[in-house]
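Shared between the two complexes below is chain A, which pairs with chain B and chain C, respectively.
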Partner chain A sequence: MIHLKKDQTKLMIAVHGWAGIMLGLLLYAVVFTGMAAVFAEEIGSWSSGHVESRSAFERPIDSAVRRLAAQTPPKYHEGVDLFEVGDHNLGVFFHRHETDPDGTFVSRGLYYRLNREGTIANTQFGTGEEVFGANNDDALSHFLVDTHVRLHVPNPWGLLLTGIVGLVMLVAAISGLLIHRHLLKDIFTLRRNANPVLVDRDRHSVAGSWSLPFAFILAFTGSFFSFFGTIGVPIVAMAAFGGDIQALNDTVFGNPGRPDPRPAVIGNLDRIAADAIARSKEVPTFVSIENFGRADAKVTSFHPPRDGDIEPVTLLYDGAKGRFIQTKPSIGTQPSTGGTLAAIMAPLHFGNFAGLLSKAVWFALGFAMCYVTITGMRLWLARRGETARSLEWLDRTVAVVAFGLPLALVAAAAGFLVTMPLGSATFWTPTAFLIASAVVSVAGFSLRSAMLAPLLQLATGLLMMALPTVRLAMGGPGWPTAIEAGQPVIAALDLAFVLGGICMIRQGAKARRARTPAAPLSTPVAIA
Partner chain B sequence: MSQSLRKWIRLFLAGPGAVFVSLVIMGGMPLWLPRGAAGVDNLVLPLILVPLIWAALFFHACLDRRLARVAIVAGVLFLVHGGLIAHKFSEPRPAAKESGQ
Partner chain C sequence: MSVETCLATGLSVACIMGLALGDPKRLRAAGLKAQPTTARKRIAVTLVALLPGMALALSGDASAFLLWLGACATAGWFTTIWLGNPGQSIGQRRNRRR
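And then the complex of A and B:
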């Protein structure tokens, strides 16, 4: 254990408390939506009623991509990205790398969204950031991810904001470790019959201590992702390549070789996809083609980690010959410390390295982090009981955000389910969230927080329980259809929503009976 | 030095000072870190490590009782990495070629 002197411990407690109180609510919003976004793919399938279980890369794509290439100006053949959209349909982005007048490095080109038959469903011209926006059938999962990644604040400010939130979480985690004088004792101490504030303190301490390594990993990897493109890449490119971001990208992510601009027909993409699946035992999450239609074309397919591994699999093919070249690291041409560390950042952050099991663990630990954040803020308020009146607004705000955010997210899901069949889900998903947020805010001004919390829990629980019925009423697939189509996750999420709803209602009813806030401001207690 | 001034200096070193020095360290690290087997370690490691570098500077500024030592550590790191960056920019070199390699 690290033993600090008394004044240092006092300072660390202040740092821990202020870190939480300054950005705790934003941290809660980011972690809560991140917790839900762990299951973004499953939520996407559930909400849109996706019953296609075969990947787009397991179906013929070669002729469709060739057809699209023929109708796309050759200047956008510099790079072609292939990935899945919607119900395992194919998205194809022909692009080239450009630097905008303001110095921003972008990929710009034509994005084709194909339907199940391989014909064009939608065509869009723009930068990567513009064309990969929300669609009608993925508006809900997109909304969740966008809230988590940048809180809907335009880039780069949104990413910088969530990056700062990540650093605050890092500070809270490290200072939380430093202020424990008896960590081993503290992580097993739960005094159930003590003063309510001490009970809350014990719960905060136990949940925080057990999830400390997870908090550290999440904060570290999250701030890495936020600062990577916004600050990190420009600074490193400036230092190492005189500001040439393309040169940095080519060195780190590219496949070096002598340029050969001679025209050459691309190899058979169906054979490449089949070979990649056979080698990695997983369907690709993404396929990238460099220099499409040239003799030096390279095809790179990215796959989830193999069983028992945490590093994703990347396979490299000669594009013109359709021949396998090598299994390569995600970053660099051969294994290296930096490449391996960078490659495991995503699995560590998203928790997707061992299928549903690791996702469930990440979800549970995310829930613990949310609990730690809110109880931490309430404890901070409880310690300042003497100045309760001046901080009442903060106590109320904590209640509004803590219990209002889940309600608003469930309302967004309901809004999506109702409007997706009408084709207006991209508008109504965020709008439903905003309407629910406005209602919760008005309720927050009108009601005491002791009344507000149970009421919001009851409303959230009822709405959660109603979601499966709404989904079915709007034409979503029933359980037999979903299970027969190999999508049991639809039934599993229906069950999860009903059970979650019951838990919320029980919690709300319990709190309503108690009619006392979890940490009453009128009870000043020395915490540390 | 008054306690109040010491407090403000510490606050500066832990706040904007730690941010600024960690960004300069990130810029300077590619110029001295080994490139590694794949030739990318010097480029990738600074990007990965910057949150930890910032956290180390922040907690050092908070916990080290000797304020002068905090200032010296931050100052030396800033001067070394800032100097490396300045030296690199003072050298004529072709564009889009990694310098210092």
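And then the complex of A and C:
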């Protein structure tokens, strides 16, 4: 499609290959966990057996929040975050903004987790990062998201790492577009009986070509999220606000106005929530109250996009009067192109703008990108066939990560299902992942990749098929209960795991019969 | 998913499948003797495949447009894999009957 000079093409091929080979495995891990994390909310409901389908914001919250405010020291009334936790229960975080001695900007305060009746189930003091950590009933979805967002590396390094990985994906997508001379001509061509290099090349380029627009979108939006808080905000704060991040937040995201510290009773939160739902036609995902108990209190409610749109809705209310003020842009006080672009980053990245259907499409495209990453690495190895002996370690490593990561994630899910009723899931979910990873790594040392891959596929398939049984055995809701409660996603995920497991076992058996290095990746299902 | 989005995606996916079935390079690479689609017809079908997406974009329904784009990309990839699988190819079956 784009004709470059020979030396430029050579350079682009080198950039494409080395970009992939240097960080390809990390990229695969990030994309694979991201693909699963698209359904993090559904996985959370499935794994914890959540059967409540009514949002906490559709139930009375006003009296509970007032009661909590009365028992919380006023210094933590600077900000109050309201959000859903567990089975549509309410989480309330009274906090104030502080800068730690090391210069880190934090929100610190008291976090209350309420139960269904609106009484306190748990109280915790700490920073936002500490209180928003994993709980026993959301340890699995939290683990998935945390692996995707920062690979469990402490902040800011984890975010920087995944940001760099996103940039590598962007570089690989652009260089791939430039080096592929016949992108449209080859888009339906998969040669099965050609030499291994051509077979691998076709698999890689076909999947890459079809998913190319989304590679750009996901890589760009992913890097945006990683670098926004770690680099973007501190740099802008340094350049324009003398390093004061709170001042930047107030100016860019806050609600300007003259401070009015006079005490004033907060407006009725139930009425505000009902009005916000009526205006946006969606239940809030998050509600934030500034200056709780003051005359200048503001309530901001954040909602998913309206039907037919991809820009999330943000509504602003006068907190003291409980009166609607305006639909608020995500940046600044007036609508702007930059504000809209910033607002659509999340729906574009998470694919959650049109319910389960858009999530399913994003899942499939994430899957295509995993396939592109692994086939690309295999192609790089196949092209260096003559020196394959010296690169055997890399071939094994690719097999260990490509087929071991799905197994370890399924093992983490099994670990969660078994230990959640015992109350130790926050420990055992990552531990099960690490144990499975260690077993796979040991197997990787002792088996060749052609033998290892089918074995790992068989093991993953068997474990996937066992997950619904484990879930039911540990007291999870059955299909009739889940469907009756308005949570058919529990039954749907059970089915998906069984079908996925059958596919994995079939692929593993096929690859075992073939026992050729290229065989394990003969179809995309093989790496799922 | 609205009816319009559903119809738009269905039409485009059908066009993509038609393009894949008559793709000359695919048929040549698989050693199939089936008649490839002519270049003029391919261009016409490609335009028809793109039209629903353009209509959705012009209507301002960003959500429907993204769904259409994603569904077409996914369907295109799966169609290529399906036709590339030995024994699964419609072109191959047609060829065998001859």
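In the analysis below, the second predicted complex is superposed on the first by the 517 of 528 C-alpha atoms of A that agree within 3 Å, B and C clash if a C-alpha of one lies under 4 Å from a C-alpha of the other, contacts with A are read in each partner's own complex, and residues count from 1 in each chain.
FYI, a residue touches a chain if its C-beta (ideal position, glycine included) is under 8 Å from a C-beta of that chain, and two chains touch if they have at least 3 such contacts.
Model, not experiment: these values are computed from the prediction.
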Contacts of A:Val206 with chain B and chain C, given as first, second, both or neither: second
A:Lys185 touches, of chain B and chain C: first, second, both or neither? second
Partner chain in contact with A:Leu341 - chain B first, chain C second, else both or neither: first
Partner chain(s) touched by A:Thr99 [first = chain B, second = chain C, both, neither]: neither
Which of chain B and chain C A:Val252 touches, first, second, both or neither: first
Contacts of A:Asn195 with chain B and chain C, given as first, second, both or neither: neither
Footprint overlap on chain A, where chain B in one structure and chain C in the other make contact: none
Touching residues (chain side chain A, partner chain B) in the complex: 4, 8, 11-12, 15, 166-167, 170-171, 174-175, 219-220, 223-224, 227-228, 231-233, 235-236, 238-242, 244, 246-248, 251-252, 329, 331-339, 341-342, 345
Chain A residues touching chain C - in the complex, by the definition given at the top: 185-192, 194, 202, 206-207, 210-211, 213-214, 305, 307-311, 344, 348, 351, 353-354, 357-358, 361-362, 364-365, 368, 523-524
Interface residues, chain B side, partner chain A - complex: 23, 26-28, 30-31, 36-48, 50-52, 54-55, 58-59, 62-63, 85, 88, 93, 95-100
For the chain C and chain A complex, residues of the former touching the latter: 1-2, 19-20, 23, 25-26, 29-30, 61-64, 66-67, 69-71, 73-74, 76-77, 79-81, 83-86
